[in-house]
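Down below are the structures I want you to see.
Heads up, the next two complexes both have chain A, just with different partners, chain B and then chain C.
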Partner chain A sequence: MKEKTALCLFAAVSFVIPAIFIVILVHVIYQTIPAATGLGMLLFDTSGVWRPLGQTPSFSILPVISATMYVAFLAVAIAAPIGGMAAIFLNYYAGRRLTKLVLAFVDLLAGVPSVIYGFIGLVVVVRNLERIFNMSAGESILAAALVLSVMLLPYIISTYSESIEKAKNKYDTASRALGVSAEYSVLKVIIPITKRGAAAAVISAFGRASSETIAVMMVIGNAPIFPRLLGRGQTISGLTALEIGSAEIGSVHASAIYAANLMLMLTLSVILLITYFLRRKLLSEYDKI
Partner chain B sequence: MIKYRNTLLKLTAWLCGGLVVTATFFIFGYILYHGALNITWNFVSDRPRGVPIGAEGGVFPAITGTVYLGALSGLMAGLVGSITAIFLVFYCRNRYVKGIIKASIYFLSGMSSILFGLVGYTILLHMLGMPRSLLAAGITVAVMILPFITIRIIKLFEEDSTELLHASLCLGVSKTYILRKIILPSYYINILTSITLGVAYGIGAAAPVMLTGAVLNAPTPQSVTQPFMSLSYHLFILVSEGISLTNAYASAFLLMAILLVLNAACRGLEYFKKKGD
Partner chain C sequence: MKRNVKKISVILCAVAMAAVIAGCAGQTQSGAPATTPPPMVTTEAPQEIVVENPTIEATQILFDGSSTLAPVIATIAAELEEQSAQPIEVYVSSGGSGQGISAIINQTANFGMLARDLRESEREQIPYLQEYLIGIDALTVAINPENPLAAMREGLTTEEIVRIFSGQYATWQDFDPALPDEEIVVVVRDIGGGAHEVFQTNIMGDVDVRADAIQAPSMGALINRVIENRNAIGYASFGVSYQNQQYLAFMEVDGVAPNVENILNGTYIIQRPLILISSGQPSEAEQYFLDAIFGDMGQGIIEEIGFIPMS
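After this line comes the complex of A and B, so read on.
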């Protein structure tokens, strides 16, 4: 009897998470309806004007979507090679003690909140960009991408390092027995067989990059225009954080913001699905090892 | 040719490794150095003052507000998260139910933090009519850290507790009894550290609380229906409005110190527990 009650209670609580998931999904889709019916394809108007409060309001979410993708892509493009090579460094060149120390710090780095990254980005990266490029304001797409890339490093290093470790455990003895150099075994063995793991790390890093809010918002300049490398921009998350408070819920303005978030959710879901299947394939591959 | 290629690889690896090590130490060093220069006892114990507010004075209500927020969201997310994990690992036999719950956890874990803020803001504040408050922010942060905590606890249970369960079941002991007397006592430290790490992640995030309950200036909340100050949101405002660089350094130092202590405590506890086993 007691067993039954506990089971029912536990089962009920366990459905809180699926319920939250469904509520969020339905809510976001429902809130997007006013914009979808009122604006339709004007949401993706290529003029790229976001002017919610003007005489003739215009709600193109194309600029924020492209800025989000641009910044995320740039950040991954910077962080992936550096993080990947750093993971190789830790597994092949650094001593065991240094590796342990660095990985511990990198782990801690992953716990640093994004507002602190944004703060350091503003006082260090933005100021230096102003100096180097002679800009009047250093808040730009490039600044956001640089800050984001540093935030992605711990994630890329720890996931890719794990893949390398597994591969190394399997093939290192054989490589050593054949007498090839460490470089040869990295280039011809480790990198080829960890390519799926690397792909999973890069794709989910892209997901993280495109959903970051605070740090990006602090250094990107927040202007909803099409992104240029040294120009200002605004991401979907930044737009949401800055404008939803002043938009009336249910209005076309708020609804357009929801539409942008729905796009982000869709992108993130696709990324989650891809990484899920990549990881599953990886696991079955490691089982074979 | 091969020699050049090898040297090049070696060089890049060392360079990237060095870059990462430098960046890591720079981030910690920068905040700790500037924070130590700018922090005073008055800053820790006083409320925000000056014009604009926050330019002078301290952050005491932000410290208490952050602690309350962490406790509230940790309590809610910890309870739901650990029960869900127990159900999934020890009780659930239906493949589809398991799949649905796991898929929702996975999906929620990949969403952006501002999405939780946005949905929390509209549903809790506008549809349910809650005030901007500790409660609304607590619920929002709890939802955000829920997948994080649940995933960690599931991993914990899946690693090696099923063996214990099977041995006990063979002896004819009931499942609830095993859970209460064997599984939970031997795992409660790891469950607590999982929840604490989730809380550390939650109180560092400014995005979900900026719309739902954090304000620029408020006393220590007396009840969950009052607005509150959060250190991360306070730091965000100090920096983005350019109110005070000195106080921003000190706030960043405090926030980092709290999170580092929480992280170090959790990792230390887990480490000693592993050794004890």
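After this line comes the complex of A and C, so read on.
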């Protein structure tokens, strides 16, 4: 009897997690209904703007979706080469002690609260962009992408390091036996063999980038307009954090915010699926000889 | 193939387990009942006179709503706890005026904190609505003291403010040829929020704020941008403004200076009420707390935090 109770408990807690996800998803979909029925494709009106409380209300979520994607792409584009090079250096060239030390700092970097990144972004990145580009206000897509790229480094370095380490364990002895240089084995063996691992690292970083809220909000200017590199913009999560508290419950306004988040959740789910399959493929690839 | 079979059997096992839980737990505790989303609008007919919310213990008072009012209530509660022997537990959570209203509609709090008037559609959703005006928040129009405008003009007219905030004047030079040819950086709070609504109704009217205005996530952030950027113009709440008055230049509005006297007599137009709402008559504990808010101590704290008290 005791075992049975314990088993029930264990099973119950394991099912809580999928249940929570389903509750959230159903809630978001349900809340999207008024916007979907009331606005339909107007939600994605390319000439529309986000002006929920204006004299002529307009609820296009396209500007925030495109700004979210723009910022995330740009941040990943900045962080991926840096993180990739760091991961290769740490696993192939640096001494074990140095690697350990640097990786410890990478973990620390991941533990810094995002509001701190936002604050540093505001006083360092935004101000310097104002100076360098002679902008009247430095809040911009570029500022957000720069701040985000630093936040992504730990993800990229640790995920990519993992695949390099696996590849190295497998092929390092062979490379050494053949007498090729470290450069040769990095360029001809490690990089080609870990390209799926690199893709997984980049994609999961993209997921992280597109859902970051506060750090981006502090430096992007939060103007729901179509994004330009040195112009202001607003991300989906930023829009939500700013407006969901004051949007009238059950209104089209609140519902349209949910619609934007549904799009984000769908995008992230697709990203997670891709990462999952890449990783699975990756693991089976290492099993082959 | 074999692995797939194994996987399927694991899944089947899991499903079976779920059934077992449902059986042995007596009541289902899986996700099924929770998937029904919470009602968005409570349209149930009100019961007889609701004296107090039965789901909340009498000595516990829950506040939810405007982040502008949250520190006020929290401070008054802390002060009251020190002063009196009456055991009242006050819990304050904040997430905007809208959340304060939904908390009253969904009966998850005793009082909703609002930094704006109720909309008619919201009023209809709350049975036996009680409103308590506990103070006034006013917004100042502030610019950076380094902006030459600060030395040139004492204030702006409503029409000028509208033109600046709507983007009709793109640069300061457009506004006055003597000013530098630099973009006017308009900083506002979130367009959907209570503070902006005050500004929109009292100043902008039908005109929208320029689409590329910077929306600051908090009053502190807004003030910070104006202090740091000499091209910036923004509005800030009275309290925060005066805490930072040495770093800012305030503009009169239509010749009326933003001071307590002008705000209370209504000649200074950019202001909003701070309101507590509840449903039904207050319980004994709630009344006790309301008395404290309207007493010397409560009103003193409202003033200390930077708002204009009612007495």
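FYI, the second predicted complex is superposed on the first by the 286 of 289 C-alpha atoms of A that agree within 3 Å, B and C clash if a C-alpha of one lies under 4 Å from a C-alpha of the other, contacts with A are read in each partner's own complex, and residues count from 1 in each chain.
As a working rule, a residue touches a chain if its C-beta (ideal position, glycine included) is under 8 Å from a C-beta of that chain, and two chains touch if they have at least 3 such contacts.
Just so you know, these numbers come straight off a predicted model, no measurement behind them.
**Q** Report clash or fit for the pair chain B and chain C bound to chain A in the combined superposed model.
**A** Aligned on chain A, chain B and chain C clash with each other.
**Q** Please indicate which partner A:Ser284 is in contact with in the superposed arrangement: first for chain B, second for chain C, both, or neither.
**A** A:Ser284: touches no partner chain.
**Q** Using the superposition on chain A described above, determine whether A:Thr46 touches chain B (first), chain C (second), both, or neither.
**A** neither
**Q** If we overlay the two complexes on their shared chain A, which of chain B and chain C does A:Ile225 touch? Say first, second, both or neither.
**A** A:Ile225 sits against chain C, while chain B stays out of touch.
**Q** For A:Val23, select first, second, both or neither according to whether it touches chain B, chain C, the two together, or no partner.
**A** both
**Q** Have a look at where A:Ile120 lands relative to chain B and chain C in the superposition and call it first, second, both or neither.
**A** First partner only.
**Q** Considering only touches as defined above, state whether A:Gly83 meets chain B (first), chain C (second), both or neither.
**A** The first partner, chain B, only.
**Q** Scan A:Gly245 for contacts with chain B and chain C and give back first, second, both or neither.
**A** Both partners, chain B and chain C.
**Q** Of the partners chain B and chain C, which touch A:Ser237 in the superposed model: first, second, both, neither?
**A** Only chain B is touched by A:Ser237; chain C is not.
**Q** Contact-wise, after the overlay, does A:Gly54 reach chain B, chain C, both or neither (first, second, both, neither)?
**A** Second partner only, chain C.
**Q** With both structures fitted on chain A, tell me whether chain B or chain C touches more of chain A's residues.
**A** Higher number of touched chain A residues: B.
**Q** Between 129-137, 219-227, 255-263 or 291-299, which run of chain C pushes into chain B after the superposition?
**A** The overlap with chain B comes from chain C residues 219-227.
**Q** Could you pull out which residues of chain A sit against chain B in one structure and against chain C in the other?
**A** Correct list for chain A: 7, 11, 14-16, 18, 20, 22-23, 27, 31, 122, 214, 217-218, 241, 244-245, 249.
**Q** Chain B touches which residues of chain A in the complex?
**A** Residue list for chain A touching chain B: 2-3, 6-7, 9-11, 13-18, 20-24, 27-28, 31, 81-86, 88-90, 92-94, 102, 105-106, 108-109, 111-120, 122-124, 150, 153, 157, 181, 183-184, 186-187, 204, 207, 210-214, 217-218, 237, 240-241, 244-245, 249, 257-258, 261, 264-265, 268-269, 271-272, 276.
**Q** Residue numbers of chain C touching chain A in their complex, please.
**A** Those in contact with chain A are residues 14, 17-18, 20-21, 24-25, 29-31, 34-35, 37-38, 40-41, 67, 95-99, 101-102, 105, 119, 121-122, 182-185, 190-194, 197, 200, 206-208, 211-217, 221, 224-225, 228-229, 231-232.
**Q** Which of the residues in chain B come into contact with chain A in the complex?
**A** Those residues of chain B that touch chain A are 2, 5-6, 9-10, 12-17, 19-21, 23-25, 27-28, 30-31, 79-80, 83-84, 86-88, 91-92, 100-101, 104-108, 110-115, 117-119, 121-123, 126, 143, 146-147, 150, 174-176, 197, 200-201, 204-207, 210-211, 232-233, 235-236, 239-240, 245, 248, 252, 255-256, 259-260, 263.
**Q** Quick check: in the complex, which residue numbers of chain A touch chain C?
**A** That would be residues 4-5, 7-8, 11-12, 14-16, 18-20, 22-23, 26-27, 30-31, 49, 51-55, 122, 127, 130, 136-137, 139, 214, 217-218, 221-225, 231-232, 234, 241-250, 253 of chain A.
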